[in-house]
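Chains here go by letter, A, B, C, D and E, matching the order in which they are written, and residues are numbered from 1 within each.
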Amino acid sequence: MTQQTPLLKLEGISLAFGGLQVIQDLDIAVAHGEICSLIGPNGAGKSSLLNIINGIYQPHRGKITLDGQHLKSHRPQLAAKLGISRTFQNLALFKKMSVLDNVLTGRTLKISATWPEYLLRLPRAKREADAQRQSAEKIIAFLHLEPWRHSIVSTLSYGLQKRVELARALAAEPSLLLLDEPMAGMNSDEKQDMARLIRDVNRELGTTVVIIEHDIGVVMALSDHIIVLDYGRKIGDGTADEIRQNPEVLAAYLGQSTVEKQQLETRH
Amino acid sequence: MFFSQARQITTDYRSERRLFRLKQDRWVFWAVLAFALIVIPRIGTDYWFSAILVPFLVLGLAGLGLNILTGYAGQLSLGSAAFMAVGAFAAYNFQLRIPGISLLLSFFLGGIVTALFGVLIGLPSLRIKGFYLIVSTLAAQFFVPWMLTQYGWFSNYSASGVISAPKLEVFGQDFNTPSGRYLLTLSIVILLGFTAHRLIHSPLGRNWMAVRDMDTAAASIGIPILRTKLLAFAISSFYLGIAGALWAFAYLGTVEPDGFDLSRSFQILFIIIIGGLGSISGSFLGAAFIVLLPITLSLGSTALFGQGADQALLQNLQKIIFGSLIIFFLIKEPDGLARLWRHLRERLKLWPLRY
Amino acid sequence: MMTNLLEVQQIEVVYDQAILAVRDISINVTEGSIVALLGANGAGKSTTLKTISRLVQSERGSLTRGQIRYQNQDITNTDAATLVKRGLVQVLEGRRCFPHLTVEENLRSGTFVNNPSRSDIREGIEKIYQYFPRLKERRDTQAGYTSGGEQQMIAIGRALMTKPELILLDEPSMGLAPKIVEEIFAIVHTLNQQQGISFLIAEQNARLVLQYADFAYLVENGEVRHSGQAATLNQQDHLQAAYLGGSRSSEKALV
Amino acid sequence: ANEQYFPLQSYRVGPYAAGGSGFFGGFIDYLQDVNAHGGVNGVKLTWSECETEYVVEKGVECYERLKKGLNGAPAAATNPLSVGIAYATLERSTADKIPLITINHGRTDSTDGSVFPYVFPLQLNPYSEVSAIVNYIGQQSGGLSKLKGKKIVVLYHGSPYGKETIPVIDILAKKYGFEATQIEVPHPGNEQQSQWLNIRRIQPDWVILRGWGVMNPVALKTAKKVGFPANHIIGNIWSNSEEDAAPAGDAAKGFISITTHPSGTNFPVLQDIKKNVVDAGKGNLSDPKRFGTVYYNLGVVNGILNVEAVRVAQAKYGKRPLTGEEVRWGFEHLNIDNKRLTELGALGLVQPLKLSCSDHEGGGAVRFQQWDGSKWNVISNWIQADRALLRPIIETSAQQYAKEKGITPRNCKIEK
Amino acid sequence: MNFFIEVLVGGLLAGIMYSLVAIGFVLIYRASGVFNFAQGALVLFSALTFVSLVERGLPFWQAFAITAIVLFILAVLIERLVLRHLINRSVITLFMATLGLSYIIEGLAQTVWGTQVHGLELGISDEPIEFFGILISKLDLFSAVVAGLMVIVLSLLFSKTRFGLSLRAVADDPLAAQSIGIRLNHIWIIVWTVAGFVALVAGLLWGARLGVQFSLSLIVLKALPVLIIGGFTSISGAIVGGLIVGASEKLAEIYLGGIIGGGLENWFPYALAIIFLLIRPSGLFGEKTVARV
């Protein structure tokens, strides 16, 4: 599937903190419209990789290409403008704001009217406000967050907060969506929902998704493409089946029994 | 099916953009406003106007200004008084040096000057965070009074550096009576109050709060951090500048730069903490608290002990009570009087149920 | 010999004197057992745990009804520190470690309750490092910089350092690689078998936890819906269906 | 009620508590003493206090609260012992027709009564102050002519009060040809290392200390540190109290300062107060040791002048409680000579004073005192300020104010 | 040149005096991540208590001991009545609480001991001694020594002991700290007592110079920039910051003051602090905030 020019291309990326090599000259390519999973043991460098992709970390070496465009001096704001949006592993919500406001804020770049216009309630601003609100409501409805629409996110339970964060990321209608363990702290049923949702987004809006997830079942079911990291190196890159066969992966990451359970699940 | 899944919802949210969602609340609000505009000017006494109402309004406005910066945009500032000073002296100099300029215009220009000054002070905020940020506002706090006293030009070379306000005339109307001062202040405050409400419920307001709560996330959503912060500084300073001008022109009638010292900045910070960070009504509740509490205390103590008692002792006791009350509120209602008020209403709505 | 280590009797918990998070939950943890607490998001699991460990006050939550007994004593008004000293420790949800302290300092901080000798501390830390070799590699990094999973390990390790008798684990599997998850439950198992430490585990991964638990409670909208032997529960799919539906109906919890 | 009311904007806490409690203690005790003698021609004196903490807006609030008088008794005059509050209530007082007394301080140009009908910087305004000090220095160096080439440093408090005299000092310097360096000490002045090192470099003959509160003891201490002799430092009117010298310990020995009134208790009037008030346990001071100190005595002096004004006014308007306007007439026609002072038992405590429509200051003379480590001793007799020289400056400044405010000055020629 | 050195030295010594006050802030900041505005009030309170005891005829050491005890009691009260009820509240709330406290403490001090101004003689005269033509005050030297000692002791307390560690833990995450059995209330009582003790020392040395009176509480404003430059969390930073502020402000007053006008000592240190922060956003030695996503 990665024939035509990939949406995202990382070449020879390296990142180190102090002595610690977090990522060692890594090459990955994410094709248009695919769902790509990043898996690997804890501390493998998955989140760091996402941070690099949306410009929070600056790689010490290597080249980032998005849609054929080479990004020098990458920054989060630039990433956002290029249609990259993300969720965070440790919740990074706007804690004192309502769910609705969080989602609306996610649409910042979709807003064209300036603040003086909003101040004077000029027609454009009014229309825009309604439009924004409507699309926000859709996402909220879609994630079943209606009952909490007006509650302050810091008062929500962990799992709910996770969902709000996803909603905020979706609100930006991104072309590349980075998800850092979106399903942590959800039960398997909710995970199914979430997986279904991610697939829908991917299919309907053609959003390319890069997702970090530890629940191997979900990963296998969801991804077109899986990349396995192990302490900064890439030890696997391919389809679900290819990965399942990869002994190195089994050793480094999945405990034996998980794999068996895996087989069970896929059977029934 | 992504969107088909979402169930249909009304497309007009004007009702939610309203000042208050509840009809009763709207009622109460307009009633209060009418009362303040029409009834009070008739029944108020000189003392109430010039010793309580005007300072209350001005401080409330200042609180609102600081609230925009600290409550909404999350930038702690200890320089509010400095901004007020800039506003006051700027307005004074516009009045003085541009013949025939209208009072309101010079207020507005004063606000603009303050806003620019605020931007200057805000610049370090991109790099300096948290408590360390108070340094730039503190620098302003100490620099401004020094500058205003050091260079006579600002106070038109009055020997002592004290400026005294010119006549209050707007559109030929003379506002020099106590009730006139009150009305002038009130109308300006109402105007700016509405403006603030709109700003805060616009995308800009949301961006402020986003930057306050989690700037990394804000950045990766695409919010321009520095620009947002600087806008907060500018607009907040604008409000404080106007407040300063009113303080000088409509309340005291004179100002010396030292009237805007650090303790004034703290007073304003008190107002928004007590009243409620990130709440417009809170700014005014807090102001009412700060203005009325000391007066009530002193009246109370004179009523209780009369003049015979050792005044110094009474004063210190009052100080203790004041401090205690503040702490009491912080403990009881961390989100301020505004929140307390909301609580009461929620309870009433649910009544007799508990939750 | 099946004496109750922990008895939670019909507690009701309210946040901010307004938000009802737990309506009516009763839980028993018998000595040396592993008890699972299952439920959808917002069901009230964490709140229950925080109420038991008395940390809920610090979040402006208050126990408005019911009673909690630990080792046959009412602990409704005991403070958290005392409980830790008496062997009841909680691992908070969402990896709450001390960001400015190094990994090792974080672990060491777990020993402050009953300050043991240097050698004991050393020993304890080494043990944790055996459980989580990754931590040993990162021992001198400030915890704030470590990865999500590493932080989770730190949180669990730190709790183990307090020499507990009853551990309240809030979503231990969260953010951990499957291998580590298994290892963790293996550790839980061994600690339970060898040292007779009891566990009350709030966990989303029902299948996994039910493999190890003796007894389980299904919480929904702040109420216990079902309870029973883990083994039996594990079979009854309809039960799972019943509570897995939770995320939708738990809306009521707030209104 | 047959009572005359004095609203007191006092301050007894905060940085300047020492001054406030002393001054208002003396003031109140004197009023009590007058009442003990049956009041002023049978009119009892009442008062009530309102704490300002020396904060301007509190002062304004107090003014507004008290100006209406106390259950029927009309307000005679306000006495906020604070430049800031004086400035802020200046226009209000004029509008409300209540005299505003700023004894020994206040706004210099308010000396010109034709523009400031209701403001009275009694005894000594800031300009007279420096002028008197310069005259004293001249006297010490054997004639004003000897001032030529002398070096004088003025160390002033960085506030409106401190800055008020900058221009007039330059004028005097030009006139007498001495070399004046004016150095600012930022408020509150608890660190003066650099200023005094600077002074040490300049090697002046005299240092005029225009200090306030904590700035004074620190100045003396630091002076000692850099080895400048205390007996060549001259404190101004707000650097002349026990509270200013005592904290500096023996660093203050020899420190000279001006005063409009000596401290001490052996004036008949103070003895009388002691008998009728203090010993009767009605004394206002929480610390009786401060009886007869500078601030206390200033309070008494202030009391004497206020009551005298009422008395003078009663002579014209009748023996009844008077309105502020009537009391103002009293102040403007104050004429206290030594004979009257002897009757009052205040000879040597208060200087002879003659006010008029155009002159709201009167006296303009000071005496000099020296700190011996435990108390002040007067070391000179009355030394006059060169008021003739100052008058034109004052008038021009007053005229400018009149123009800004659109006030048409009274014509003091025709007024009698 | 000689003059320059004299100013420099004078500034450095003055700076030490600022550090004495600044150190008190560091303690509280370490434990709760807030800037304790009540420190100034503590200085006033302790000094006033001490002097009044001495004036009532107690010998130096007794007065000192009693004051220390009083400060301990105060700390306990503060914990019981205030801090305990403000566990994991936002820092700004805590900050405000300390402001409220400063009112209470000031009021308390003056209610009990009155508002008069007291002189204070420590027996160390403030007379200058000559060093190669430069005058240095004995009291200044003494203060420098005291400050040095305090820094050493406190630094050890923080870096080497369990207490130091739990302190930082509490500041990082009170809830987590509780969850592993750290007793916040003990921590706070200790910290506030120590802070009070530091305040006492500072109060005595400053009191010897200013006299003991309300204005003592204003020296906070001098300590603030010191603190910021040194970094809120660093004891030694407080000293270094003090030296920098002291020296630079004096030199500025003398050499810059001539040009742009005198009396700039109040704001100059803050301007300086901005520059320092722009280079090092958490002060010279302050702990960097650890944040990652």
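As a working rule, a contact is a pair of C-beta atoms (placed from the backbone, for glycine too) under 8 Å apart; a residue touches a chain by one contact, two chains touch by 3 or more.
Everything quoted here is computed from the prediction, not taken from an experiment.
Under the contact definition stated at the top, the chains bordering both subunit A and subunit D are B, E.
Steps from subunit C to subunit E, minimised over paths through touching chains, total 1.
Comparing mean CA positions across the assembly, the chain most remote from subunit C is D. Of all chains, A has its CA centroid at the greatest distance from the CA centroid of subunit E.
Measuring from the averaged C-alpha position of subunit A to that of subunit E gives a distance of 48 Å.
Each chain gets one centre point, the mean of its Cα atoms, and the points for subunit B and subunit C are 46 Å apart. Subunit B and subunit D, compared by their mean Cα positions, are separated by 37 Å. Among the residues of subunit B, those in touch with two or more other chains are 146, 216-217, 312-313, 316, 318-319.
Chain contacts: subunit A has residues 47, 56, 88-90, 92 touching two or more partner chains.
Residue positions 110, 114-115, 261, 263-264, 266, 291, 293 of subunit E each touch two or more of the other chains.
Those residues of subunit D that touch subunit E in the shared complex are 12-15, 17-18, 21, 158, 183-188, 190-191, 193-195, 197-198, 201, 213-214, 217-218, 221, 224-227, 243, 246-249, 251, 286-287, 290. The residues of subunit C lying in touch with subunit A in their complex are 15-16, 19, 38, 40-43, 46, 93-95, 134, 138, 141, 145-153, 171, 174-183, 204-207, 244-245, 247-248, 251, 254-255. Only residues 54-56, 75-77, 79-81, 85-86, 88, 92-97, 101, 104-106, 108-109, 111, 115, 118-119, 121, 125-126, 129-130, 133-134, 137-139, 141-142, 168, 172, 200-201, 204-205 of subunit A touch subunit B when the two sit together in their complex. Interface residues of subunit B facing subunit D in the complex, by the touch rule stated above, are 46-47, 50-52, 55, 146, 149, 159-162, 164, 166-167, 251-254, 256, 258-259, 263, 294-295, 298, 302, 307, 310-316, 318-319.
Those residues of subunit E that touch subunit A in the shared complex are 293.
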